[in-house]
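Okay, got some structures for you below.
Below, subunit A partners subunit B and then partners subunit C, in two separate complexes.
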Partner chain A sequence: MNPHIHNEEMFMNRRVAYYQGCSLEGLAHEFDTSTREVCAALGIELVEIPDWNCCGSTPAHSLDPVLSAALSARNLAIAVREGADVVMTPCPGCLKSLKESLEVYHNPHQRQKLLDILGMPFDGEVKAVSVLQLLYEQVGPEAIRERVVRPLSGHSLVPYYGCLLSRPAHFARFDDPENPVSMDRLMEAVGASVPDFPYKTECCGATYGVTRNEIVGKLSGRILDMALGVGAEAVAVACPLCQQNLDLRQGQLNRQWKRNFDIPVVYITQIIGLALGIDPKKLGLHKLFVDAGVLLEKRESENSRAV
Partner chain B sequence: MRIGVFVCQCGTNIASTVDTDAVAQKTLMLPDVVYSTSYMYTCSEPGQKEIQQAIAEHGLQGVVVAACSPRMHEPTFRRAVEKAGLNRYMFEMANIREHVSWIGTDREANTRKACDLVEMAVAKLRYNQPLFSSKVPIHKKVLVIGGGVAGIQAALDCAEGGLDVVLVEKKTTIGGRMAQLDKTFPTVDCSSCILGPKMVDVSQKENITLLASSEVENISGYVGNFKVDVRKKATYVDWSACTGCGACIEKCPSRKVPDSFNEELGNARAINIPFPQAIPKKAAIRREYCLHFTKGKCGVCKKICPVDAVDYEMQDEILTEDVGAIIVATGYDLFDHSVYGEYGGGRYPDVISGLQYERILSASGPYGGHIKRPSDGKEPRDIVFVACVGSRDASVDRPYCSGICCMYIAKQAILTKDHVPGSNSYVFYMDIRSPGKNYDEFVRRAQEEYGVQYIRGRVGKIYPRGDRMVVQGADTLLGMQVEVEADLVVLATGVESASGSRELAEKLRISYDQYGFYMESHPKLRPVETNTAGVYLAGVCQGPKDIPASVAQGSAAAAKVQALFSRDTIETNPQVALVNERSCISCGKCIQVCPYGAIQWKELRGGERKAEVLPSVCQGCGLCNATCPCKAIQLLHATDNQILAEVNELFG
Partner chain C sequence: MERAHTLTIQKTCDKDFIRRVEEASEQEVSKCYQCGNCSASCNYTYVYDYPVNQIMRLIQLGQKDIVLRSRSVWLCAACQACTTRCPCNIDVACVMEALRVMSREENTVSLKDVQMFYDEFLKSVKTFGRVFETGLLPVYNLKAMKPFGDMDLAPKVLQKGKLHFLPSRIKGRKHIAEIFERFEEQGKKKQEPREVNEPSHSQ
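Moving on, here comes the complex of A and B:
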């Protein structure tokens, strides 16, 4: 029996608490809409956490880890109060904050301080996952493959995971920390061909875009250069910041590298959504800076070409 | 009873945080204690003399020494009181060093606790009885488990001394890892040339019984008298007939069998002899690849064999051996080089393990000793070696140093230059660890004479660019990132314990550390003994080491066995269980719980059955003692009365 069938049934009409975070309200709006669309199509009901607050992002945990944990614990505590045992967030930064607050909660030396700041009941009995982890582990590539109505056959896509999705290993507890394959498997499931991509976990430059833009230019440019080098038409991502550096800044990269990369950088949820037959507009495909229309081209699959 | 108490100061080890004089004075108040003193070093010769004099002068019948752990000096003091005419079991030890002075700084509390412990020892001693060991003959035959270089050396040294040896080897040939090596550091001499003669010796020594393709199934008994069941695995070839001619191998149609001797580079046949110098040089069929077994047809080997040795009906066989001592030399496995996802081992054909490269270098290897890379058979010009792959890295649960990789990289880099004179070798390393004799000079030669480029730093990523591999790493001396393009990357995989090492340890009742390496009895002073009498260690099963150290340990283990066997009998431990037949209700629970099968039924004259302990088999574990519902079975020297006396003293 296919092990994923069971998961699929389990996830049919399954309610999952949804924490979107600030990025998905702003520049990464299309990550939010495509996540909602894909989950709805796969029978997962996302319940937005009422009155959610900032996860604390980088500034909070670099100043006071326990205070930062309390910020995220409030979101978790509300989710638990609403009856959730899984909180999903598409943003890896938010995910890290949520997991950090659980780590602080489970540390006997810090728990009481956390609860004192939090000032509301919280028992830590909740799991935080990314949308990628939800799709890969709970739904599974096989269940998604069965639902594909518009396969991406003939399209060559590479996955770019960035630094946080699978690392630090003891913290992420998801996929191989140095050679993650979850996006590879999901894209194969929707019919795309996925070449080996050596830079799948190299740094994109992250927030250096604000202070030392040339560093992002160098690092993100390398990633796009490698993607084109292995024959990719588009790069799949699951992080708003990676997407921003590779897509929004692609004009800057072109100037710095004296190139014209012109390669779309698409969220994994948009790719799966397309394959599930969801309207590209609803997935926010038009919101990307580098036009991703190439993904809409219908191509003969490699198999039918072989025939 | 007239009891004497001797409180040791152990220099300042005990005296600095325990008032030893106060302990001696206080214990003198105890009933039966007629003599008490404190002394600087009770274990020293004058210290022991003092005990013996006191026994004589004060007519002592029992002695308590309050000092270190009984694991240190109990035998010393037992001998001392025995020389003065007491039974060695009329002695008790109170541990006031490890259990008191070393773990607390509060002098007053320590002194109180020391007094408590001495009082408990005195209380127990009042119930002690003289015990006498009996003598059982030693079975002067030794079992060596593992036929690598350590096991071979141990077997040869034992045989040289006239002992009968049974050498059990899991694989179809002895030789172990060393047989897979091309050359050895730091002399760069041919590995099979120096190992070969020893292997031949094993096969020719009349007093060595070589059981290849065999595994130890079960072990019972005790030092001097072990009973070992050995499973002789079916090879489907009658080895008494097989001449090793190889005709069957040539004709075998199953040609896609992973060649494990060549570390999966290239293919072997389903019927195979791993290498030309194999001992015994006999063919064996791997059932899972043989067409006769998988498809039910073929039978070519049976037809072709000139001596009709192929026997598809062969079954595993269990042999039983009686031995007096066991030398464990089960060797090691290598770290799986595909664990580091960022290095791509197992994904990229030109990223290989250290032992795979060793096979490539070897003339009997997959490419006949020509350096080629696995992907396209091209001769590589630029080769990168990555050190510490699965060593000194807590993130993969291998925090220890494997000890051999720095040296084998230097050797392989030198050999590379010899094979391909225009080639360039690069070594990414953390530190160079080369403390053996002539080792550091050897590494220097690699750097200075052979121009091997050493880059201090870790590699972060390895990926293909065209048909070459890009090695991306840090140069921590330059403080910058570096990138080296290579045709071939060798990951210097570290040492890990052999698969199945833990299971074997359970059978042998020896301990192992968290990584599966066997524990020696003392890390400095008893390096080849285990905590199970009569079981000795040799080679890497005890911890990573190189060939010279493995050979030395093999010889050391053999010397230990020779010393043990130099006596004809062995004294049994009299601290065994004893049944009081009048109290025994014949429930048989003790027989069920005894892990050693040391208790049996004994029929009395009236036909009644009672439990009976075989003292030579009993290990004194006390399980029966705790199980017996009517306390009819007692463990001598730890009887219920003795233990209760201690408890009463403490809480009463």
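Moving on, here comes the complex of A and C:
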């Protein structure tokens, strides 16, 4: 059914360099802990890149693409030095920076400038993937299904992918740019029901929460409204910024929309972790701003809930 | 907001600008045939002064001043919807990014507070090697004269044990500072020969 190889054996004890990025040290701490827990449970060894630095994110891009590339190249170069050929990061923003850094390195017009600014040896011989891509392509929904001990049957979740995980297609090389399904399949594999969600890739307002709060209010509010409209009790995400806009800022959205949204916004790694039987505390479920306890309710079958 | 005047458009056409945008973005802006798919896909059209398809057209017409002073360039979230849907395979988001970089260089940034937020962010990267989002907020909000911005979030963040005021410092922060310094030096070298710019034509 799934075209990807999910050779669990091959991935057992596989070592992957891990770049958590700044958000996961702060507001998105539970994305870090749940990623580590789930990977450990699935036999993937994460080796944190020693002394990693910030990728520079959107601000560095606005200054210069090669500066941004150099900041990420330092992390990649350290990973290579430590013997890694794959770097995994949960954050799609960091992933974009890492991949763009490799693009700049492989662009003959820009390589020298990059190396001059970087000031350390770097050979570009490394790949960057997201945790979602790793779980979907390398482990695979089938292998995860076999490990489920606490299915999420009877729970209805919508997957919200955001802007960057699958597009632009030539750059992401993962899933479908218009209708990504990786999270859908992973959530189905753990027993949840996953309604069609038309706003899978509509932008949440990105970094404008700080500078243009009403934009996030409008765009993120629309996403929650649609989630409720299709009968979801929670939104699954794989991006710390999307999560922050939909969860931490949900009170602001309520004020702007004069609504009472009370909908948990949960990381895909937390959802899979719950199904694998990992302690919710270890997954940082209690660290989410909107209480996600509803996902712990045991329900009979997936068709028992009328929406 | 400036408008392009059709009668004088040839006079205000800056051909070198077209070349520079195409070179920086490595995109052929001339391929755009104004179908409007990009603007229809853009979630930010409602706050833009020029929808992104108009930005593309204004580049084709060499309207440097209007483009580089537009709000659109700094409200673009780099979400890639336009790039995904352009039937001519133009990486429109990449063009917008090139424009942001150019507007910094030309000192024509329209949304100074967005630039200020980005600069505070980069200052933290340069100093510590990492950033901590909530630590940046008070600094930015004070500088942007919005001292109460996002105040409602502080107690929540505190309650979840997620409030720190300083990011962790990395050992290699000297290396990071050097990366910034080497970049700034390169920028200076690049600027020198281009000091004598053609007068900018505001209409």
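Just a few scattered comments:
Here is the rule we go by: the second predicted complex is superposed on the first by the 295 of 307 C-alpha atoms of A that agree within 3 Å, B and C clash if a C-alpha of one lies under 4 Å from a C-alpha of the other, contacts with A are read in each partner's own complex, and residues count from 1 in each chain.
As a convention for this text, contacts are C-beta pairs under 8 Å (C-beta built on N, C-alpha and C of every residue); 3 or more make two chains touch, one makes a residue touch a chain.
Please read all numbers here as calculations on a predicted model, not as lab measurements.
In the superposed model, A:231 lies in contact with neither subunit B nor subunit C.
Residue contacts after overlaying the shared chain place A:178 against subunit B and subunit C alike.
Between subunit B and subunit C, the partner in contact with more residues of subunit A is C. Shared-chain residue A:293: touches no atom of subunit B or subunit C.
In the overlay built on the shared chain, the residue A:277 is in contact with neither subunit B nor subunit C. Once chain A of one complex is fitted onto chain A of the other, the partner contacts of A:202 extend to both subunit B and subunit C. Using the contact criterion defined above for the overlaid structures, shared-chain residue A:169 touches subunit B and also reaches subunit C. In the superposition on chain A, the residues of subunit A touched by subunit B in one structure and by subunit C in the other are 169, 177-178, 201-202.
Across the complex, subunit B meets subunit A through its residues 340-342, 344, 347, 395, 461, 463-465, 470. Of all the residues in subunit A, the ones that touch subunit C in their complex are 22-23, 25-27, 29, 51-54, 56-67, 70-71, 74, 113, 116-120, 163-164, 167-169, 177-178, 201-203, 205-213, 215, 218-219, 248-249, 251-252, 287, 289.
Subunit C makes touch with subunit A in their complex at residues 43-44, 46-47, 75, 77-81, 83-84, 91, 93, 97, 100-101, 104, 111, 113-115, 117-119, 121-122, 124-125, 129-134, 136-137, 140, 144, 149-150, 152-153, 156-157, 160-162, 164, 167-168, 170-173, 175-176, 178-180, 182-183, 186-187. Remark: subunit A residues 169, 176-180, 196, 198-199, 201-202, 229 touch subunit B in the complex.
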